[in-house]
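Letters A, B, C, D and E mark the chains in the order given here, with residues in each chain numbered from 1 onward.
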């Protein structure tokens, strides 16, 4: 159960550039987040992950309070335990695909981490790039590494920001299977941002449509 | 207290080396005396050559030095005033004289210090009177000759005698004032134009003393004795120094 | 003799570069990634040895660490040992004069690392230290490496401060630059030239080598 | 007196930092972005003044630029003027000793810039120079700025080489470090402390200020 | 008329990671380039732009030889005059949206460049972010700035690498109008990479499908 009730403004000098005012709550399972470009989807995910702090409000995951302006709680990013696929991937440029994925795996033995990373590589059909650095991969390959990395850190919530926008239709459908089965195993909330109607329909148990920083429509199961 | 302390202070037992801080201009002569010392006593000398002022500051801050040989009296006196010398150990062991040197290629005829006023001479290098003993003596000579004012704009202050030598050798300046030992060492690279009258400056004496609290006071005293001995003096004279008692 | 001085120089420089490497990275981290009162002052203070003539730095060092020094007297009382006229003193002098170079260069490069990567590491549950060591440092490697080369070279050439605190005792504390100084000051031009050529050759070789190494490390 | 030395110091340092800034960036560009024979040697050669004791550097400068120097004799013949014992000599000394710092720091940061941005600029029809000036340099600004601060501080503290080529003529070529050295070496502790405090204050102020400026410029 | 006939291998140490062997020619107008992730689409565009050089072959645009291994011709990037929308945007991080776009405009007066940049901003519906730096924009906003920048440098060929993958369906359709009218005015080849079937169908006068570095299917009008 994820509960969101936040307000946040972006300022530049004295101009208010953008204002977010969102409140909803969703259960474990997929929540598809859609809305026009610049609506505030990424900003919302960043607040959940703790990368930016809301001006006021509450963010709770189950019984864990991630943020509460009144009680002055603002849990650190590294304690929130989120699996984040960044819109621009943010792969570590000095690490190979395997190293990028293994970096987040929670296992003490490095051999275990490697095994897990290799498993993820094959799930996402990118075994062939195991030893390549990010700049030696294609866009879609990078995106899949980012997805694998986010899902292999045993998160308590997955935040996927257009995680399949750079792959072809065929690959996308295979990866969606993998994402669905990952959710199935983990039973945690998956917040899934997409502009693709087919993806949205397929995953959409819950759907939230945001526009101009506000929830414009919501179908919550 | 005591026992170990006392046995530590006892001479010769475990003394293998002493540390001598000496003005860098004494390097060649002292190195040779050090070898002699080793031959005689079996102990080695660790030399610490540097500018007299720096050596003085090291000793003031407690550097483990047994003997200090300075190129100027000022530094030694400063230590004496701070009770950092072993009473009665201070002696003058050598003297030097001051000479006026000009570049080998110099076209201006100079035969005395008073010729420095010649307008053909544009630049004259001397040691910085505030920091270099040789500069102090040079300032006295110029003062006595009434030249200080006239030369005011020509003087270039160097931080050691070596720098004066470099300037003269390379022809960057038209003349310089250095110790005769330096001029002698430089050999044919410069021409000695004049020697300063002894009366025109205070005696250029090189004092030596045992430092208070020296680890090896007796061995240190032996070193000083060797410097003062006829053998030691012979070595110093070989490098152009004059015996402290004699006149030029 | 030359060999002694060279050996000592290289030894002192290796010690000091190792210390400067670690301390420099630690300070850079502090200055780049945390904020506290007096940060700018600490920064300025750490830059001081760059501005002061080395002899003056050396003078302050003996005032601080000499047997009768502010700190040195305690050390002497406790251990009967002091920095004066020891190779450890030479290392201290080298560290003090070269640390600012390391800090400035590495701090700038640490601050230039795109924070998105650090954020990504935090979301993967890694703490500040681990993130710094495994993400920030490798990405800032060029600047850190440049800082190390600067520190190495500066330590190799260090002379004024060393002379004050470590003295100039052949075979014990006489490093290459001190040997050069001694040769120059005592008028032994030939020896001075030989020493200067050796020091030049060693440092050119060292820098040439590190350049080669860095190239393989960065592009290999 | 103190005021004279301070004024001169600041003047010399400003001149030298300006020269070092431009020359340093140019050399960094050369070393980072182009490849030619002898590049590593040029690099090592430019790093030399960092390794040589400044007095030795000063000696080489005299040999090169003095009235009878390799280059200096031509200058003297043509103009009747020489670098020796002039403030211009002090500037040259400051430039030579601080240039390596600038080059190392700015080169590393220039090489750290993601080449994708440069490529993007090329596709937009911009040549190498324009791309360097408008894309690479602004993105490498932290390292370049760090290099400038290093060069500034080093020039402010420059002493050994200055002493050799510019002499130590109060009111004409006596910079702050020379005045401090003189006071320390002559045992005038009081004066030394006053001077050191002034120099320290000036440099702390300068570094503090530049830090502030850089912060506004970088985070604006 | 764009003529391509190139071979290129990527190596790592001694392993050949990927091999491209492409040859086709297309006229001015849209050419939609599709194919699975990692097929070689981006690599092809990079060779046309001059960012990477083919191992051998020929690239010609009209009468201009961009590359010819036999005649040892390899024109510099900055002379090829391509408008490139990079898959990862490559916006200059220290410039605002307006500055990013104005950077490429071929006009000597800076006021003219600014005017043109503002015109482009409004064509792509991002006037509101004119003065923002890239890190203050949403993913879709960044992508539109990249598109505007590429099209405002009066290119002789436009290389669009998934230029609308990060925008919502509504915006996408408006932007496609703009892209079509830009092509209409310029009458130059537009090479358009996409994974989106709707886009492909709409623009597809010519279609090239590549797979594993080879042209697997081509419909050229």
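The rule we apply is simple: a contact is a pair of C-beta atoms (placed from the backbone, for glycine too) under 8 Å apart; a residue touches a chain by one contact, two chains touch by 3 or more.
Quantities reported herein were computed from a predicted structural model and do not represent experimental measurements.
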Distance-maximising chain from subunit D - centres being C-alpha averages: A
Maximum inter-chain contact count - chain pair: C-D
Chain at maximum distance from subunit E, centres defined as averaged CA atoms: B
Between subunit A and subunit C, centroid-to-centroid distance (C-alpha), Å: 44
Separation of mean Cα positions, subunit D and subunit C [Å, integer]: 19
Euclidean distance of C-alpha centroids - subunit A vs subunit D, Å: 49
Subunit B and subunit C: spacing of chain centres that average the CA atoms, whole Å: 34
Multi-partner residues of subunit C (each touching 2 or more other chains): 55, 59, 184
Shared interface positions of subunit B, touching two or more other chains: 51, 54, 57
Subunit E: positions in contact with at least two other chains: 88
Pairs of chains in contact (touch as defined earlier), listed by label: A-C, A-E, B-C, B-D, C-D, D-E
Residue ranges of subunit E in contact with subunit A within the complex: 10, 12, 17, 34-39, 41-43, 87-88, 129, 131-132, 136-141, 144, 161-162, 165-172, 195, 197
Residues of subunit D that touch subunit E when the two form their complex: 116-117, 119-127, 134-135, 138-139
Residues of subunit A defined as touching subunit C within the complex: 49-51, 76-84, 86, 88, 90-94, 103-104, 106, 149-150, 153
Of subunit D, residues touching subunit C in the complex: 40-41, 43-45, 47-48, 50-56, 59, 100-101, 104-105, 107-109, 111-112, 140, 142-143, 145-147, 149-150, 153-154, 156-157, 159-160, 177-178, 180-181, 184-185, 192, 196, 199-200, 203-204, 207-208, 211-212, 218
Subunit D contact footprint on subunit B (complex, rising order): 51, 53-54, 56-57, 74-75, 78, 123, 128, 130-131, 155-159, 163, 166-167, 170-172
